[in-house]
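Please find the structures below.
Next come two complexes built around chain A: one with chain B, the other with chain C.
Let's look at the complex of A and B:
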């Protein structure tokens, strides 16, 4: 598997890029040229210069520094959302697919109800109910998305549960938890990895949308969606304000989408052979 | 056949009941007392126990939970969704009715754009597979799926309205106001359907009936349009139909960018104002639309596809 990974240039490139972005975010306080919160009204809307590589915003804050610091909430929250959804989805999917009977019936009926609600509206409803804050946006996204994963992972488990090695394992009296964790989970790990990387792109867009509408990360904090919210107010006078945060989102999301496709090729040799 | 349709319609009733129950529980889960919230948003200076009790009686909050659910459900069926917390002189139904036409207009225009753009583009992409047109379109599809809709809206607003001064930036009313928001809403769906139609066409091209048509010596044009496109459209129409409620709910963000006076703008301002009855009614409305459209297009598909019809009966 490692060999196939290193052979696939897209996979190596995108993973490298994501790690690089994450590092930039973690090291933002050392790399960033300026303080992202330091307002300097005399230098507002400055164009690119040595001191402010990407110019300054409507309060004279350095845009590059804000973008770098913005990686933390943007990428961090998206990863958190992804871990939450995949975690709950995988647990529910494994339980439903493996145990069958009333457990499966119960979980899948809940999944059906969850899927019959339009996801976007549910995010707004959950945020409205719990109050406007970042934690609630992440919770809402996890809450509406886990059902999709539960259904997909259950389908994956159903494929494997009748396979000979699992039947054999059951015959020789292996405990259930061992079969679940050591046989089934690794078997569906490839599907999980692909789903996860595609999901991060989706989560980045969703969370930044909430911040853009003022329902997520709040104004002074540098988050890409929130930056676009501020840029929107000066659209007529200074349209260039919205270019960099938007580009940052597009690039990061495309890289995650590319990574998902590349990982699918790496992890699923049958697909490539076709 | 009739039996299948009847069964399918019956099966949605429990689902509708669950959706309505979730919406009802939703408003009862609010951490603070709804009566207190209502008093606070009406800006009553001093909130006393008596005032709360009075509002509770006014809103019918002092009855048992299930009784309230049943009476609420019957009120909803009659089209009475209660009154707005923020502005007690307005009914929720009235607010929804005021904003619904604008949203339907936007969603309808987007739907037309989706159909008009995605079908021909998907068709051409499949016909000229791996040609220049296909490659350019695939790149565009890839980029548009990574673009947040609100940013697309801002870019369009800046380029078309401010730079070129062709269309108004925001607000509603005229046809010119409709173009940019409708295009923004439809963009992500267009890229999805281009891919869907393209893949469907390519899948169909491998089928035996295409080979047979070729053997019969039919002209390529006829095979492509009358056989392959017709067969690929099947799944696409069902998919597009089922995504109509998604289009309606997907207008939330774009409406806010362009200050379009529809349900989305109402919903977001209700979230900020904690006007829970409006949010509840909105979620209920979209949930019911979802179920109804799924039902309609599911039946339509079964009726129109002979292969499925056999299974269903």
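Let's look at the complex of A and C:
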């Protein structure tokens, strides 16, 4: 596995990039050239300079520092959302796909109900119901999105369930936890990796959207979506304030999507056999 | 050892004529069969005759609509105890060796699953490494295979590993669901010789599901003809030429020509 990973340049590159971004976020307080909260109205809309590498925003705050500090809520919350959705989705999908019968009926009918609502509108509704805060955005995203993953993972499990090695295990009475954890979970790991990294991309966009609309991370905290929100008033007069957070979101989401594809190749043993 | 009485199996049809109707297609009709210990019975039939369904019923994966199947006098469907008994005594080798082993498992892990089944029976396994190489040498492979993965083996080698895995559980009955049909003629003979050897060494009972009459005459004592879900003939292999059944005759003729 490790050998296959190092051979795949896209996988190494994207994982390295994500780790780098995460490190930048963690070490933001040492790296950032300025205090992200320090407003200096006299230096607003300044262009790039040695003191403010990416210029300043409408309150004279350093955009680079705010971008670096913004990694924490953006990436952290997205990862948290991903863990929640994939965790619940994988558990439900595995149970529904493997045990069938009434377990499947129950889970899949709930999933059907969840899927019959437009997800974005439901996220708004849940946040409006629970109150505007970051935790509620994460909760709402997990609550709405798990059904998608449950359905996709169930399809994968059903495909492997009829495979001969599972039939053999059931026939000789291998314990159910062994079949689920050692046979089925690794078999769908490739699908899970793709879903997980696509999900992080989706969660970054979604959390940024919520912050942009003022429903997520609140004003002084630097978050990429919230930064876009602040920049939208000066879109024509000072476009650079919008370009950098926008670019950061696009790049990070694309990297996560690329990573999903690369990880699928790494985790699929047959790809290497060719 | 295993007795089947009036086994009937049906499946819900895909295309229902009316809404909410549940028309069922019957696949097996009134199967009666008794399998004595130490025998080798071939179940022969064309595609769609229900022989694989019968196999699934026998390994405890499909509950029949009616009828009873007992193992040493204990019914295997309906009670947990009977199911457990079957799991301890029966092992299976499948036709499609490409999906028979988890592609993410090394051969060692594949065999370990069988050995773990034996440990569950309460039999201690002291020396795992010796056990593994013993199993491999039993099917004519060497220790270098242990660290390999299924896709790195040829079809015949992988089928041997599957047989080793089936033997690793120390079963009393092994069910072969078209286990050798997909191999070439030369490998088939090799595997059948191997099976015969194992049968004598470990005093096993074999159940052979196949559409290939030649392999049955090579290996089995008794043959069972399955046609459209019914047993049409059941006789010892040596009296095969005396068959009175029309379907069996047709099958025999098609092979002799």
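Basically, the second predicted complex is superposed on the first by the 264 of 274 C-alpha atoms of A that agree within 3 Å, B and C clash if a C-alpha of one lies under 4 Å from a C-alpha of the other, contacts with A are read in each partner's own complex, and residues count from 1 in each chain.
One rule holds in what follows: contacts are C-beta pairs under 8 Å (C-beta built on N, C-alpha and C of every residue); 3 or more make two chains touch, one makes a residue touch a chain.
Values in this document were obtained by computation on a predicted structure and should not be read as measured data.
Superimposing the complexes on chain A yields a three-chain arrangement in which chain B and chain C fit side by side. Once the two structures are superposed, chain B and chain C can be ranked by residues of chain A touched, with B on top.
Contacts of A:7 after superposition: neither chain B nor chain C is touched. Shared-chain residue A:121: touches chain B; no touch with chain C. When the two complexes are overlaid on their common chain A, residue A:100 makes contact with neither chain B nor chain C. By the touch criterion defined above, A:168 lies against chain C but remains apart from chain B after alignment on the C-alpha atoms of chain A. For the pair chain B and chain C, the minimum alpha-carbon spacing after aligning on chain A is 8 Å.
Residues of chain A that lie in the contact sets of both chain B and chain C are absent, per the superposition on chain A. By the touch criterion given at the top, residues 15, 18-19, 22, 26, 29-31, 142-143, 145-151, 154-155, 157-158, 162-163, 169, 245-246, 249-250, 252-253, 256-257, 267-268, 270-272, 274, 276, 279, 282-283, 286-287, 290-291, 294 of chain B touch chain A in their complex. Taken in their complex, chain A has these residues touching chain B: 112-113, 116-118, 120-122, 124-125, 127-129, 131-132, 201, 205, 208-209, 212-215, 225, 228, 231-232, 235-236, 239, 242, 246, 249-251, 253-254, 257.
Residues 163-165, 167-174, 178, 183, 186-187, 269-270, 273 of chain A are the ones that touch chain C when the two sit in their complex.
For chain C in complex with chain A, the touching residues are 59-61, 83-84, 87-88, 90-92, 94, 96, 99-104, 113-114, 116-117, 120, 149, 151-152, 165, 169, 171.
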